[in-house]
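Both complexes shown next keep chain A, but they swap its partner, so chain B is in the first and chain C is in the second.
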Partner chain A sequence: MAIQVSGITKQFGTFCALDSVDLEVRSGELLALLGPSGSGKTTLLRIMAGLEFADSGSLLLNGEEALSLTPRERQVGFVFQHYALFRHMSVFDNVAFGMKVRPRGQRPTSTEIKRRVMELLELVQLAHFADRYPAQLSGGQRQRVALARALAIEPKVLLLDEPFGALDAKVRKELRRWLRKLHEDIHITSVFVTHDQEEALELADRVVVMSQGRIEQVGSPAEVYDRPASAFVYEFLGQVNRFDCVVADGVARTANGALSIPADGTVRGPAIAYVRPHDLGLSPSAAGPGRVSGIHVVGPDARIEIDLAGLPLEAEMDRERLSALGLRPGDLCAVHIDRARVFPQP
Partner chain B sequence: MLVKKAVGFTPALADSRWVKGLLIATALAFLLLFLVLPLVAVFVEALRRGTDAYWAALVEPDAVAAIKLTLIVAAIAVPMNLLFGVAASWCIAKFDFRGKDVLITLIDLPFSVSPVISGLIYVLLFGLHGLMGPFLKSQGIQIIFAVPGLVLATVFVTFPFVARELIPLMQEQGNEEEEAALVLGASGWQTFWRVTLPNIKWGLLYGVLLCNARAMGEFGAVSVVSGHIRGETNTMPLHVEILYNEYNLVAAFAVASVLAMLALVTLVVKSVLEWRFGAELAATRH
Partner chain C sequence: MVAATSSDTVLPNTGGTVLSVLRKPSVLPGFGLTLGFTLTYLSLIVLLPLAALVLKAAGLGWSGFWDAVLTPRVLAAFKVSFGLSLAAAAVNAVFGFIVAWVLVRYRFPGDRIVDALVDLPFALPTAVAGIALSALYAPNGWIGSLLMEWFGMKVAFTPLGIAIALTFIGLPFVVRTVQPILQDLPPEEEEAAAALGATRWQAFRRVVFPALLPALLTGFALAFARGVGEYGSVIFIAGNIPGLSEILPLLIVIKLEQYDYAGSAAVGVLMLMASFVLLLALNLLQAWMRSRHAR
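On to the complex of A and B.
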């Protein structure tokens, strides 16, 4: 089912959580709402679910206006960051809840409910935990129960609010893969909120980058990473070196003159240049102008801190390449910029 | 060296045996002097002239009327405050609105106002010379010096017990489970019965038990509105006072012992429930 958001605005007191947001969620896709806290991503998700009211705008679920519908009428599955499992019910009863509260006419028989619940628990690999209580499960297991419970009402859309936010790094990674696979199997239109760019880029078909109640960019993970539409997106997606500079004749120069970066013709005057650490090339050079001020090894990668005439830079490369270059802290080196983006000063 | 140190290690917070013993003895002496001794004294005094006199004091018509009245007042006041307490804590814990702090303060008011004054308020409002007195009289409704007045005074005094117990619990539990229930298709009513109520049932039970204990034992407010009509508007605490003032000590302590037993039963019920459902209680507090 497709979702069409147009002109949704939401104000909390004087704080503008959403500022006339337009967005289309395509049927069957897995969409990530990515942004820092306070960017409005969770508010947008909650408005889609009917847990929050929009001040203005319209929301179409499968072409039908949905803002006036209650959450129960929208038939959406919602997964909460802190699971929100019913603590006094067993795993089985949690998953069965959505079916049991249906009006008598639409309620499945108890054998049918049992069959459905066990099927879903199979799907989330928790069938043998049916009798346990939420307090007896690990975080990852609870989140899978929450997912099974959301799927039990056969929702047309699955909405997930920071679904992995409360889990530790290893479980998060496993669950992420598992969710991706689940989505490939059942192909339900899904929207998830995250502030973790790695999560969004790995999991989503398309990524929506949000900031201060507005959408900065919508695109495939590769698009938003390779061609960020704004300085914010560039800074938010991954590590970055940022320089204040002035553009003249298609070249951006830093104030101390240590670095000049080719800029496209559209920018003129004061600007900000961005270079990703792995787009920064180094070579040993007795003449400088850079000096290696520190090297940090993180797993297979090395982060090299450079002091370029008072300008701190960070480069990243794999460790083999670094040892081939033979750079050590204190060595002098030359700096090449393989790729950079220049945005006008806001 | 390290091992040696660990063996001889005394935690900074562990007091010597002597201090520990002194603290325990003080606490026990306190309990004995102020709780156990008076309780025992009530029963000893009540049974001073034997079980026959004790029994006679309890089946005497005025005493029976007082016991009945106390039970009736509690049976009306406690459910009223149960409903009010759940409604108030629901709206305070789950919603944000203007004037919320004022409402919380108002709920606490009966705790800070002297019960005598709360009784007087009702006399001033509904008494013969009160604000609404002439109107009530013309309608043939009597509130003061009658059961309705006793119920009103008791409701006022026991007002905060349920709400005070539930508000922090509900605030701690938050809204997420209710939201989950709504998204899963439950109606507001279903959400309340299936999600909210089971989550607060233990807090609710405590609140009701406390409320009930206070409703049966209330003296001050009830005393002002009762009029002390023997066999009609005397509750148990008032009846005890009258008997005591008449130097009828055995009867006074006999009725008092019934009140004390009601309190003991309340405590036992609470402990049994805690013991029986301890695991579940821990799970819901999780």
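On to the complex of A and C.
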């Protein structure tokens, strides 16, 4: 089922959480709402679910106006960051809840409910835990129960609010893969909120980058990473070196003249240049102008801090390449820029 | 004994003592010291006076005790005290819950004042409460005269008056036990229920209420216990007609005034036993409910 958001605005007191947001979620896709805290991503998700009320705008669920509908009429599955499982109910009863509260006429028989719950618990690999209580499960297991519970009402849309936010790194990665696979199997239109760019880029079909209640860019993970539409998107997605510069004749120069970068034609005058750490090349050079001020090894990668005439830079390469270059802290080196993006000064 | 156990917590566990069996390695220090203190304190403050009471009653002998307790007057007072305390606690459970709900869930002008009002029955001398209530509900009082006129109902100087007094003094217990739990209830659980298709009523009945039930039961038990022991407010409004509106504490005082010390102790022991059994049952019920979803 497709979701059409147009002109949604939401104000909390004087704080503008959403500023006339337009967005289309395509049927069957897995969409990420990515942004820093306070960017309005969770508010947008909660408005889609009917847990929050928009001040103005319209929301179409499958072509039908939905803003006036209650959450129960919208038939959306919602997964919370902190699971929000019913503490006093067993895993089985949690998953069965959505079916048991249906009006008498639409309620499945108890054997049908049992069959369906066990099927879902099988799907989330927790069939053995049906009689346990939420407090007896780990974080990853609880979130899978929450997912099974949301799927039990056969929702047309699945909305997930920072679903992996409360989990530790390893479990988060496993669950992420598992959710991707689940989505490939059942192809339910899904929207998830995250502030973790890696999560959004790995999991989503399309990524929506939000900032201060507005959408900055919508695109496939490769699109938003390779061709950021704004300085904000560039800075938010991954590590970045940033310098103030002035563009003239297609070349961006930093104020102290230490660095000049080829810039594309549209920008002129004061600007900001961005270079990703892995787009920064180094070579040993007795003449400088850079100096290696520190090296940090993180797993297979090395992060090299460079001091370029007072300008701090960070380069990233694999460790083998670094040892081939033979650079050590304190060495002088030359700096090449393979790829950069220049945005006009706001 | 206290000093010995406190030094035990510092020295490595040498084994052989009774406490070392109970004690598990823990970062919280002072198990021996605090347990010793707790037992000593409880013995002095609670157990010793109660033991003296039982001892006094024991002077009657087994059959003498039952003779003193199984008189029609005592049994009638027993029914009045326990029956009305249970009824008042039940009324408080319902209306105290609503008060707590409103105070936690809604903001309105003067909500702080209402919140402070709830504690007044704690602070007011019970005799003052009893006199005020009986003045209000007496056949010539503000409320009592209206009830008499419209329904022909007599409240003061009847068991109904006792129930009203007990409801008055028991209210804070329910409100103050339910309130913090309701405050800490995460809104996500209700939102989850709504998203799963539950109506407001279903979300309340299946999600909110079960989470509050243990606290509500505690409030009920406290209000009940307070009601059984209440004296000051009741004697003014009860009318104190033997066999009809006479409560056990009053009967004890009457026996004391007749120098029947052993007899009054026997009635005290009877109250003690009945209260203990009821409170224990409530506690067990609660422990069972909590154990089902304890972390």
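We take it that the second predicted complex is superposed on the first by the 346 of 346 C-alpha atoms of A that agree within 3 Å, B and C clash if a C-alpha of one lies under 4 Å from a C-alpha of the other, contacts with A are read in each partner's own complex, and residues count from 1 in each chain.
Keep this in mind: contacts are C-beta pairs under 8 Å (C-beta built on N, C-alpha and C of every residue); 3 or more make two chains touch, one makes a residue touch a chain.
Bear in mind that the values here come from a model prediction, so they are computed numbers and not experimental data.
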TODO: After lining both complexes up on chain A, report clash or fit for chain B versus chain C.
DONE: clash
Open item on the list: So in the superposed three-chain picture, is A:Pro71 touching just chain B, just chain C, both, or none of them (first/second/both/neither)?
Closed with: both
TODO: Identify the partner contact of A:Ala49: answer first if only chain B is touched, second if only chain C is, both if each is, neither if none is.
DONE: both
- [ ] Go through the superposed model and pick first if A:Arg177 touches only chain B, second if only chain C, both, or neither.
- [x] neither
Open item on the list: According to the stated criteria, A:Val101 is in contact with first (chain B), second (chain C), both, or neither; which is it?
Closed with: both
Open item on the list: Which segment, 20-28, 38-46 or 56-64, is the chain C region that clashes with chain B in the superposed model?
Closed with: 38-46
TODO: Touching chain B in one complex and chain C in the other: list those residues of chain A.
DONE: 49-51, 70-72, 75-78, 80, 82, 84-88, 97-98, 101-102, 133-135, 149-150, 152-153
Open item on the list: Give the list of chain C residues in touch with chain A in this complex.
Closed with: 186, 188-189, 191-199, 202, 206-207, 210-211, 292-295
Task: List of chain A residues in touch with chain C within their complex - done: 49-51, 70-72, 75-78, 80, 82, 84-89, 97-98, 101-102, 133-135, 146, 149-150, 152-153
TODO: Can you check the complex and tell me which residues of chain A touch chain B?
DONE: 49-51, 70-72, 75-78, 80, 82, 84-88, 97-98, 101-102, 133-135, 149-150, 152-153
Open item on the list: Under the definition above, what is the set of chain B residues touching chain A in their complex?
Closed with: 176-177, 179-187, 190, 194-195, 198-199, 280, 283-284, 286
